[in-house]
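Alright, structures below, take your time with them.
Both of the next two complexes hold subunit A, though its partner changes from subunit B to subunit C.
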Partner chain A sequence: MTALAILQVLLLVLLVVCGVLAVRLKDLLGSVIALAAGSLLLSLQFFLLQAPDVAIAEAGIGAALTTALFVLAIRKTRRKEEE
Partner chain B sequence: MSVVVRTVTRLLLPAVVMFGAYVVMHGHLTPGGGFQGGAVIASAVALVVVAFGARRIRRHKETLSVLEDVGALAFVVLAFLGIGGTFFYNSLAGTGGLFGQEVAMGANPGALNTGGMLPLMNWAVGLKVLAGLGSIVLLMGLLGGDDDR
Partner chain C sequence: MIAELPFTVAAVVLAGFMFVSVLRLAIGPTAADRAVALDTVNTLVVTTMVLLGAGLGQVVLVDVAIVYALLSFVSTLYIARYLEGGWG
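So, the complex of A and B:
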């Protein structure tokens, strides 16, 4: 395997880790941060797959705007998830 | 939000807006275009709303609404400008005027003054996306009480 393929596999593994963290974390703000990190990793993956157009859209919408929306929603409700 | 977040927002805001404007302006040459650049600039609006609270920029809600209409109208009007040929006909490309430079043959880095209608349409789409996504975030920030935690 080339270095690029190893990097892509590493990115995908980290993406799954971020997804699991986003579901498992009880602190909703941490969950949102994990989701944003996953979005950023996905954007990097798109860039490596030579789709820079999609990468910019993913970084702008996925990592920035949805994170802002979730943070605003958390600020107006409760931060901790109830059991 | 804390002083750290506010200071970093003040530092970062011009860079974010500048990069978004760059993506929109070079939409016909490099990856990205109206939608992507508009989304990047809208993330600057989101940054302000998260750091300073939506009440601070509440008065710009009407401005964003007007800008969105202007963007949509500009896109349709630009499309109708080519109605002598077909709808969406690129009547500016290759005429030597605004954005009308002839495109060089073969591999080249690309000249900004090419593309005809496409840069103008990119600006219209960028304006619409910036205003639309920005007002979504702003309205979300204005909903309900704003207790900063």
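So, the complex of A and C:
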């Protein structure tokens, strides 16, 4: 198992952890932050799979645009999710 | 041609740091803790991209890291703006 394969497995485990956090957190701002972290790690995974153009698109849309839109939406509504 | 192994091993170590940061993102009590954890993961991802771009000998991968470092600032800016509760 090469070092790159170990790196990919670690990143995928982190990606799953971030996805579960984005679903399970009750604080919606924390959920958005977990989603942004997952998008970051997904971009690094695209980068490792030798697809730099996809990584740039994921960086622009996933990390920057989606987070900004979700935070603006939370500002207009409530932050805490009800039980 | 640079030797590839030290760069990839350094990238694995940085992934371990990312693991600790995601742990803080998971247990962080306040949103500010989570925002700082996200920013740390951001910086680590950019560093890993530069390391791998140098180690694998592909200059185009460094451009991705530059674009990423520019764009990832926006999300942190919006979260900080929300936490501050100021303009807009």
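Keep in mind that, in the parts below, the second predicted complex is superposed on the first by the 83 of 83 C-alpha atoms of A that agree within 3 Å, B and C clash if a C-alpha of one lies under 4 Å from a C-alpha of the other, contacts with A are read in each partner's own complex, and residues count from 1 in each chain.
Convention: a contact is a pair of C-beta atoms (placed from the backbone, for glycine too) under 8 Å apart; a residue touches a chain by one contact, two chains touch by 3 or more.
What you are looking at is a predicted structure, and each value in this text was computed from that prediction instead of being measured.
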* Of the two partners subunit B and subunit C, indicate the one touching more residues belonging to subunit A. => C
* Now for A:K76: first (subunit B), second (subunit C), both, or neither, which partner does it touch? -> first
* Considering only the touch criterion stated at the top, classify A:G19 as touching first (subunit B), second (subunit C), both, or neither. => neither
* First, second, both or neither for A:A64, with subunit B first and subunit C second -> both
* Is A:I6 touching the first partner subunit B, the second partner subunit C, both, or neither of them? -> second
* Asked: So which bits of subunit A does subunit B touch that subunit C touches too?
  -> 52, 55-56, 60, 64-65, 68, 71-72, 75
* Touching subunit C in the complex: which residues of subunit A? -> 2-4, 6-7, 10-11, 14, 17-18, 21, 27, 29-30, 32-34, 36-37, 40-41, 43-44, 47-48, 52, 55-56, 59-60, 63-65, 67-68, 71-72, 74-75
* Can you list the subunit B residues touching subunit A in their complex? -> 23, 31-33, 35-36, 39-40, 42-43, 46-47, 49-50, 54, 133, 136-137, 140-141, 143-149
* Would you tell me which residues of subunit C are touching subunit A in their complex? => 5, 8-9, 11-12, 15-16, 18-19, 22, 25-26, 28, 31, 34-35, 37-38, 41-42, 45, 48-49, 52, 60-61, 63-64, 67-68, 71-72, 74-75, 78-79, 81-82, 88
* Along subunit A, where are the residues that touch subunit B in the complex? -> 52-53, 55-57, 60-61, 64-65, 68-69, 71-73, 75-76, 79
